[in-house]
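Note sheet for the following structure.
Chain lettering (A, B, C and D) follows the sequence in which the chains are written, and residue indices restart at 1 in each chain.
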Amino acid sequence: MDAIRAEDLISLIRAWRDMFAVQRDFLIALDGKVGDSDLGITMAKAFAAAYDTVAAEGPEAGLSKLLRGAGATMAKTAPSTMGTLTATGFLRGAKALEGKDTIGTPELAAFWRAYATGIAERGKARLGDKTILDVLDPVAGVLEAQAASGAALAPALKAAADEAEAALERTRTMVAQHGKAAAFQEKTVGLQDAGATVGVLLVKTMSEVVAG
Amino acid sequence: MDAIRAEDLISLIRAWRDMFAVQRDFLIALDGKVGDSDLGITMAKAFAAAYDTVAAEGPEAGLSKLLRGAGATMAKTAPSTMGTLTATGFLRGAKALEGKDTIGTPELAAFWRAYATGIAERGKARLGDKTILDVLDPVAGVLEAQAASGAALAPALKAAADEAEAALERTRTMVAQHGKAAAFQEKTVGLQDAGATVGVLLVKTMSEVVAG
Amino acid sequence: MKKFLNDPANFVDEMLDGIYRAHPQVTYVNDDRRCLVVASRKAGKVGIATGGGSGHLPLFLGYVGDNMLDGCAVGGVFQSPSAEQMYEVTKAIDQGAGVLYIYGNYTGDIINFDMAAELADLDGIAVKQVVGNDDVASSVVGEEHKRRGVAGIFFVYKAAGAAAANGLSLDEVTRLADKARLNVRTIGVALSSCVVPEIGHATFDVGADEMEIGMGIHGEPGIGRTKLAPADAVVDQMMARVFAELPAGRGDEFAVLVNGLGGTPKEELYILFRRVSQLFEEKGAKVKYVWIGEFATAMEMAGASISVLKLDAELDPLIAAPANTPFFAHYKA
Amino acid sequence: MKKFLNDPANFVDEMLDGIYRAHPQVTYVNDDRRCLVVASRKAGKVGIATGGGSGHLPLFLGYVGDNMLDGCAVGGVFQSPSAEQMYEVTKAIDQGAGVLYIYGNYTGDIINFDMAAELADLDGIAVKQVVGNDDVASSVVGEEHKRRGVAGIFFVYKAAGAAAANGLSLDEVTRLADKARLNVRTIGVALSSCVVPEIGHATFDVGADEMEIGMGIHGEPGIGRTKLAPADAVVDQMMARVFAELPAGRGDEFAVLVNGLGGTPKEELYILFRRVSQLFEEKGAKVKYVWIGEFATAMEMAGASISVLKLDAELDPLIAAPANTPFFAHYKA
């Protein structure tokens, strides 16, 4: 697809839901290394509830309202760190896409930029703090560059997903500064950040859905 | 020896102490089958303390005072069921031997009768309840018969010890009615009673010491 | 064995040292830490003594305090204290109005309290006894005298303590304590064993997915070992035994104690109580007072017990009365 | 997993149902059991709200009651409640005098309480925040803002609750709560893991003869895994960290909380307190108030924590004040 419409967004959220159901135990184990093992449960719950909400609202609600509904539902259903940050991301993304009917490359760049900024503000995290931000900020950057060069949605997303994977690798060198993982300090070096992994999964699944 | 004097009583209590030190783990295991495993600890502690007391008092205290001292010490040191019953037996035995300087067959019969009655009263146990009483009551009975027929101390005690062993065998058919074992009900059938085993050990060791 | 302790042989005495350091409300007599009594006594009041093995905190000593008990003889882990210790406590707390012994139905405790009572009698101290036997799983109806005493003794303490604080006579306090005893039933369920410090390993085994309904607080056998069922089903099974002996009809009023045996989190106790409450509701009966927490434990044993007291006009105000002990504080209900 | 539960997904809500059935002193708003508030509010009083994950009873909701807190947003096991739940609690307990949030320093809670405060602000409700960070093991001196909040929050609740009950303003209640926060230090030691119902297996492993000093109440790592030492040596190691930050000199007065993490019997907590008390004694300092028991748990985790509050003329009467909540009753000291 060359643009994401309201009905595509609903399918995308279903794909995210299915993906997080599959990745649940992997994320539990990953978060368990230097955290409290809740991440897999959080993400599975958040997207299951989000899908139920957007499916009930239907495409006629439009992109922005669907994203807002998804975010609001997540905030209620999965109010852990990553659940609330994801909710914040969706709510900010909804604001960024107000009045839009389709998401092309420029809109997608705006979405992820708003998402990343929302997380940074809410979590008071900075780049290099070993969080999801260290994946989403470069993702937004790549998409902005792709949009500037007039790239189509699918290749732009492919580039973003590749950058996400590279950015995730870079989190290995960082020391966690936030959340339960922060307590592990130097022991987090060498490990990929769990939240950043969630960021990669979001972008990769989105890229696959758009690629069809 | 044909009679037990004060100094013999002290040796006898030392022999009981040594015997219970040896039998400690056997009694722990026996009580562990349908109880709380404390019996071996109780008996070893009780007689170690009793010996220290009578050794400190010395033979000049006389039979009755020595027995009372032993009983009082046991009651403090080992206040579990069997510790307290044993203490009661010694205190009642002390009373029965007041004014006596030697224990011949009639006195020994009186001692064990008082001992058994004391336990029955204190523990509110009846014959057939699968307790130490099921050994000590027949022991007292045999000694009374031996005294009536004028038997000397050593053969009388030998007969009593034989009867004790037979009586212990009979406890196998009984169902425990008291103490921790009572909770096991039918499961106690086939097992020899732990407290009755203590009764046999007491009488047998006494018989051996008197036989010399 | 994973315990905070120094020498296992000093477990009880170091614990007592900690208790005296923390709670000046209690002290000891006869130079023996195991003879625990309230620090200040009320002249003319009937004294109430208890006693039993250690390892069950707050039982037994934890209920010595205002409006509850006056003294406690403290035994080794799961072992009776001595008759002499009980006797010393008795002498210390007697205020001329006599002393009531309230303790659990275990042979070692009985024979020692009997001896203590005889000694006190020689001193002219009037002594009465009420022996807790609330555990329905430990013997059948008709053989109640063989039943073990477990967490339900809390209600007997509470009733007797309030009655004594009200200035009633030894006979009256005894009568009310005995009434509470006759009106209380308990049933427990164990999920794991406990470890006696001087022994150092588990007293018994419960399989990884098993429970034992009716197991005693020293690991005595219960009604049977079965697979661990959902909480509601466990409660239904337990309460059926209680309701068989304490029928709950429309308008009847009860006090309930959901007691953790040590290793079970409070969260789970509330899940159990939820179902208990539903069952009373279904019968149209009322749970008027409820306590949930650890009241009679078996060291780190996982499990719980449910105690039910049938209220009447006499018991109700005694259960509602305020109390303040180092381990139990209660504002008037 | 050996737990009394039905469906793990209903663990928290069934627990809450049990709590409301047992304790009419508390109720909920917005038709959401997880928005717990006191049943009757005092006009004009500063409201105090807390919140946090479940699995720590009596924390957090257990301190909602007379002279303590007014409301609590209840999360899933070890999970933050939602901003909306916090906001609903805030609206319900505000009596025009504003609301103070007191909670532990965990990212999820902070993010959500921040969102709730923004929502309340839009409604014109004044909100202040005090974020407990008493765990000395969770970050070094100078980086206290990174420290986790653990059992020491009890003293912050106690001080703030008494101050609010005295009719002080939001600013004053906040100042005193913050003073308590700055004066309290906690250090914990874990002997075993806990099991989150929805996960079903141990969160982490501690070897059969190991302990971890400084481990957090969700299993966060502490200062290091070592062999289990005798109780006195464990306390010495723990208290050295506390005394380094809260020097105890001759004549200084303190309140101490020895807290069981869930699976550790009270007997052992008293053995730990014995040594704590000796250490204060050696320094000529006084332990004026002491609480020993389960105040902030991690389900069935075996272990304990020691919290120390340095008293001054302002904090002393607030700590001594009476309180009466479903999980904590205290007669005036």
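Here, contacts are C-beta pairs under 8 Å (C-beta built on N, C-alpha and C of every residue); 3 or more make two chains touch, one makes a residue touch a chain.
Protein names from UniProt, one per chain: A, B, C, D = Dihydroxyacetone kinase-like protein.
Just so we're clear, the structure is a prediction, and the values are computed from it rather than from any experiment.
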Problem set entry | Turn needed to bring chain A onto chain B - CA fit, degrees, nearest 5 | 175
Seminar exercise, completed: Separation of the C-alpha centres, chain B versus chain D, in whole Å, is 57
Exercise. How many angstrom lie between the CA centroids of chain A and chain B, rounded to a whole number?
Worked result: 80
Exercise. Taking each chain's centre as its mean C-alpha position, how far apart are chain A and chain D in Å?
Worked result: 33
Exercise. Just curious, how far off is chain D from chain C if you go by their C-alpha centres, in Å?
Worked result: 29
For this session: Specify the contact topology among the chains shown, as one of line, ring, star, complete or other.
Result: line
Seminar exercise, completed: Inter-chain touches occur between A-D, B-C, C-D
Seminar exercise, completed: Within their complex, chain A touches chain D through residues 28, 32, 36-38, 41-42, 75-76, 79-81, 83-85, 88, 122-123, 178-180, 182-184, 187
Problem set entry | Contact set on chain C toward chain D in their complex | 2-6, 11, 14-19, 21-22, 54-55, 57-58, 191-192, 208-209, 228, 230-232, 234, 262-274, 277, 287, 290, 292-294, 297, 299-300, 302, 304, 324, 327, 329-331
For this session: Using the touch rule from the top, collect the residues of chain C that touch chain B in their complex.
Result: 75, 78-85, 106-108, 111-112, 114-115, 138, 146, 148, 198-199, 203, 216, 218-221
